[in-house]
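The letters A, B, C and D name the chains in turn, as written, and every chain counts its residues from 1.
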Amino acid sequence: MTKGLLTTVLCAFVAASCSTKADCRGDFCGTIVIAIGGEPETLFPPASQTTAADAVADLIFLKLADIGPGMNSVGDEGFLPRLAESWEWEDSVTLVFNLNQLARWHDGAPVRAEDVEFTFAVYTDTLVASPKASVLERISSVTPRNNGQVEFKFRLPYPEQFYDATHYMRILPRHVLDTIPRVSLTSHPITRAPVGSGPYRLVRWRASEAIELVADSNFFLGRPGLARVIFRVTRDTESALAQVLAGEADVLEQLVTGVNVDRISTAPHLRTIEYPSSSYLYLQFNMRNPEDPEAPHPLFRNRMIRRALAMAVDQQELIDAVLGGLGDRTIGPVSKMLSIWNDQIPSLSYDTTRALELLNGLGWTDTDGDGYLDRSGRRLEFELVIPASSRSRRQAAVVIQDQLRRVGVNMVVAELELNTLISRVTSGRFDVFFGSRTQDPSPSTIREAWSSSGIGGANFGGYSSSEFDRLINSAIESQQADSAMTLWHRAVAHINADAPAVWLYSPNTVAAVHRRIEGVTIRPDQWTATLWTWRIPESRMIARDRRGAP
Amino acid sequence: MKYFHWTPAGWALLLVIARWQKIAEFLAGPLENKMLALVVLILIPVGIIIALKVTAIRKVESRRLQLAITTLMVLVGAAAFAPILAPYDPTHIIDLANAQTLAPSFAHPLGTDEFSRDLLSRMIYGARISLSIALLAITLSITLGTTLGMVAGLTGGVTDSAIMRSIDAALAIPRIVLLVVVLALWDRRDMMTIVLVLGLTGWFETARLARAEVLSLRDRNFVVAARASGVSNVKILWRHLLPNIAAPLVVTATLGVGQLILVEAGLSYLGLGVSVPTASWGSIIRDGRELLFQAPWIVTIPGFAIATTVMVFSTIGESVREALNPR
Amino acid sequence: MTRAIVRRLYQSVLVMFVVATATFFLIHLAPGDPFTPSIESANFSQEIVAQQRRNFGLDQPAHIQYVRYLQQIATGNFGISFSQHRPVLDVFYDVIPNTIVLAIAAILIDFVTGMTVGVFQSTRKGSRVDSLLSAISLVLYSTPVFWFGLMLVLLFGVTLRWLPTAGAIDPVVYHSLSLPGQLWDRIRHLILPAATLGLIGAGGTARFQRSALLEVLAEDFVRTARAKGLRERTVVTVHALRNSLLSIITLFGLSLPALLSGAVLVETVFSWPGMGRLITDAVSSRDYPVITGAAIVSALLVVAGNLTADILYRFADPRTRTAQ
Amino acid sequence: MSTSQALVEVTDLKKSFGTGGWRDRDNRIRAVDGVTFSVAPGETLGLVGESGSGKSTIGRCILRLTTPDSGRVAFDGVDILALGSSEMRKLRRRMQIVFQDAVGSLNPRMKVGAAVKEPIEVHRLATKNEINSQMLALLAEVGLDPELSHRYPHELSGGQAQRAVIARALSVQPDFIVLDEPVAALDVSVQGQVLNLLASLQRARNLTYLLIAHDLSVVRHTCDRVAVMYLGRFVEVSNTSDLFTSPLHPYTAALLSAVPVPDPKKKRNRIVLEGEMPSVSDRPSGCPFYSRCPHPKKNDQCSNVAPELREHEPGRLAACHFAEEPLSI
């Protein structure tokens, strides 16, 4: 930890040497404009639910420690100190953080242990109803020992204790928020004028237009590389792309399709940066009857039908058509970002002949010659529900519909408005749901979505397999990285064979970034996490950069 | 016979011969297709006949009206016989890898969309969706508006003020806002839903008009005389009032069809129109919106189609109005 | 006359009450819930959603919520936006000025062009210019407003690159500009959306103005004025135009809802941060307080507009002034 | 007055119209202000007055086309104001109305034949097969060419239209017809024909008429008795011949003096009324006619006390303090 201290001191020295903001000179004066798709709903971290909100909040607030570039979530290996300068384990359920004495709130007050205690209290308060409360359940208490030391107590020892303690909470300033009643905390004006301890502070927020941040040049972890960061709210990828191409914006973190990537590549002032995606897409079969949740689904209770349908979908064609090749086939419910990603895990591969054989074997044949399979007078058909708001899923649905038609299956696509979709999916009123999941760095979230403990929660299809449950539980509890990995792979192979869903793809994430920006690194789970280390050398600055900070 | 031309008739005959196989398929095909054709084929000619009758009485003749009616015939023909006329299935993906967003060419006169579907076919089928929605919705809203307006006008008192204040309130909310709010009630947006919602939110002006007309007729002697003869209120409405307010209602309906086409397109553009794969013109624009720069024809063509159709209905409606209002 | 206005006011209040009630129940009938959990991220919890519902009082029966809602509305409080985590009034403060600016600019374009063209046409009835202008106004009247906007974006934004096509200001440079610079920035951003909305409206206004003026020009008193040997220009401007103004005032009142409807679409096309975009967003996130509030506010704008038109009408028309 | 066998009996009928809604009680116009009379079967009662005197309102009240504020209307002994709407509809068969504006009282979108047939259908007075022949018979009875049954109202002349309206009124075989200025809109040449037709129909069908007119000359040859109205009240009721020879009320006298006479040499004392009829909404407190009364003896009593309608001679009623000293004409 001494190294960190040294850098801090050094940085503080450098920062002090040029303090006048008005005529900002040097390599720390750049301004970047980020085209962000969607506006943060709040800048109060406990209440935030969207990736946009987290992306902005990550520059304003700090956690105790950040997950490392390796995305390891077991133990504390690879974690980078942030507000905590160091930490030690006193026993298997007691973790003590030593706060960085240089850490300051944007209003100048020092960051203290009681802020951490307060933060935990806010995140777990039912009046705040933070979506992150449930993941903090296994922490029993957070208590300050003195101004610079805070103690975390866990209910029981488990591999991801450190991850839980640090990953979800962005530390909040007690002295600013303590006087506000908890029940009105999430809607208080302070949520739009946040006071944090991170590298940037908020200057102005013009609703549905832009959010402007400026660097805190005294930031204790080192001077931020960019003087000003502007998040410009854009509605759709196309206009964001237009802005980036026209030089009106410098960064677009998600290009989505290959066509877009091609267009960016032709622009001399831009470059593309590819990083692993944290999401995967799938077609989820409902195991229960949509009309009667107690009864099994007439079609999908049959494992063979599910396997046949999974084999009838050509993921590669899908990736080519929808993403322009920018994606990978997923093998199981695993996004490319996760450490357990491995494309050697056994899975069902695209094979229409085999799919057709399976279906014929089950008695589904085309007796009336209309091109669709039928059995005792009923056509093999079902409904796919997709959110109307997702363009790529609408496109993919059209392609999958076409693919299934080739094996004689009639898939009807129903585009639903998002709220309707959510209420139908969470209450089990669907045949097949075209889902997309964004994962945390920890693979343990797979349990919520696919094991029987998630039924009634995030396991919308109601898939239940005791073997899968057993494998996944032991993988999560395993303290040893190697055996955990093996268990994860076995669990994934098992769920693949059962085919509770057709795994489709994990899109490749490609960002477009202006060439004048240097030191660009992107952490897959939170792309703005390292943005404060990006910078623009003075020699390459453009007019916008100099117009600079207020 | 003034509006009948031999040349288009000849072309139609040729088309029938050239496409007889498709026609056979169409006749054997799904009921829904035939129903849509029927709707379009019945409602529009009925409208045209009424319009012509009214204009013929007042001897309005204009080249514009003739042009409008001819154009409408073409549109109706295309919509009604979409399965016969369209070169491709509108949902057919031709070649995702190589035929995405092709510019207009000989093979695809209007180009293809991002799924390599033939745009001409989608436009022809879209005509059917757009026209049927507008026609069914206008039928619903005119019926509803006329009934309620006439009841309000004839009965007066509390019923009248209740209906009129509700109408005031409904009219105070801008139409699109009202539609956006009401459409949130339905969890699926098939054609009937859209028709229902458009119809149910479109009758207010008609009701006002019908009420005003009834009020001006209510104390006319022939109504009083009918009442004195013991004719019941329902019969007075039906036999005495309705025929006398029909003419302005026909004008409202004709102009309303055009407006409904615009409103439906607007809803589709906001993503609140009929769900895929049967696209209306508005949703074709929406699909093409993100490709505005790469494939501008996807957005441009349906816009022209919508504008033309609305113009046709406006022209007919205004001609009828001119005919009714000799000034 | 004041009595008539008071009566109109009283009616307006009644109308607003009906609007408030109707939107409340409509939106509560809708499927879905403002606190839908994200089904796409890791932290899915029904309990938290239930807790959020309790915190916002959504677990109460509808009639209790309704009464509380009416109390709030009566005090000018629209509640707290679920999706933006702040009072709905604050949300409105941000967007309403933008919509009003857009609406006023559009109305100016609409009525100035529409009336000028209409008057010009009626003085040259039957000429070639007349039929050409009639055709143009018919085309504008029949064009979908959002499509027209897209075409302008294509032409002026993409091809010619003359004007910005999104937002009300350039958020990057705006705050470092001088005051005239800021004003110019705003105007540049306003041109395309206002022109879209205004020109589409002008199509209708021109047609209306033309026929209204022609109707007046055919009346006896105009013929008398002509017979007196007055110049045609005097006849049109002094006698006829003043009289046709009445119908234009009515049209102004009537065109407000249509204008706001158009604004919803135009704001979507041009990413204009106004009411229209707010409403479409609020519906997709089931933000009840924003939806009901927005419906009430837009109804209020319409009712106020109609009231203004009504009063203007009474002032402009000497008959109604003395009649009461 | 023979009340015992009256067909129509009206007692203290009052009707006022509001201008400013229900809150606006002060501004109400008392169109009919306490009128009592009866019509015997087979009789023709004339109702005369200037426009706005309330005579049409009485006609409409009797048929319950407007609901009076108070008073009683009995038809053949039945209080029609107390009847339910279905009973009223049945009763409507026996009483009909003919308006001044004949073309306007025919539905412009309905052919003449259909208009005549409609009441028959409504009251189911004939089987489907007979309706048409009945209609044609009715047209013949009123002197219309059967060909005209296929015409629309605007294709008829005024006289033809009025005949059609009369045919429609007769179609339900009524006992009583209110004739609301039936000939006022017609050419003078046609007026006589229509009046003659009405008279012959009355004889043939034993009809009872209430004939409303603003013109005394129409009343003279068709009515058995005449009631003169002023400002919503009766000022004089009398048999026709007496009324025309020696009117009791100065208003009647003034009206009579305005009637053109066939013999221009006959010397007449023309009475010219000064001013206009006062507005019905601000009724004077005394005699309503006081402000315009040409009677030389009018005095304070007239301006303060409203005279009642009293019987001065048998069968002759007048509302004037000086009815015993009538003006001569």
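Here, a contact is a pair of C-beta atoms (placed from the backbone, for glycine too) under 8 Å apart; a residue touches a chain by one contact, two chains touch by 3 or more.
Predicted, not measured: the structure shown is a model, and the values here were computed from it.
Placing every chain at the mean of its C-alpha atoms, the farthest one from subunit B is found to be D. Averaging the CA coordinates per chain and comparing them to the mean over all protein CA atoms picks out C as nearest. Here B-C and B-D are compared, and the pair linked by more C-beta contacts is B-C.
With centres set at the average Cα position, the gap from subunit B to subunit C is 25 Å.
Our note on geometry: subunit B versus subunit D, Cα centroid distance of 52 Å, whole angstroms.
Separating the centre of subunit A from that of subunit B, both taken as means of CA atoms, is a distance of 46 Å. Averaged C-alpha coordinates give centres for subunit A and subunit C that are 39 Å from one another.
Residues of subunit C found to touch two or more other chains are 30-32, 158, 268, 286. Subunit B has residues 184, 187, 289, 292-293 in contact with two or more other chains.
In summary, the structure contains touching chain pairs A-B, A-C, B-C, B-D.
Against subunit B, the residues of subunit A that register as touching in their complex are 236-238, 242, 259, 317, 320-321, 388-389, 391, 394-395, 398-399, 402, 413-417, 419-420, 423-424.
In the complex of the two chains, the subunit B residues touching subunit C come out as 165-166, 168-178, 180-182, 184-185, 187, 258, 262, 265-266, 269-270, 282, 285, 289, 292-293, 296, 299-300, 302-303, 306-308, 310-311, 314-315, 327.
Within the complex formed with subunit B, the residues of subunit D that make contact are 60, 63, 65, 89-90, 92-93, 95-97, 99, 101, 104-110, 118-119, 122-123, 165, 168, 172. Residues of subunit C touching subunit A in their complex: 30-33, 36-48, 51-52, 55, 80-81, 83-87, 90-91, 94-95, 158, 161, 165-169, 171-173, 175-176, 268, 271, 273, 277-278, 284-286. The part of subunit A that touches subunit C in the complex is made up of residues 31, 33, 41-42, 44, 47, 49, 126-127, 129-135, 183, 186-187, 189, 191-192, 204, 206-210, 212, 230, 232, 234-235, 239, 242-243, 246, 248, 279, 389, 417-420, 422-423, 425-426, 435-440, 445, 448, 456-458, 460, 544, 547-548, 550.
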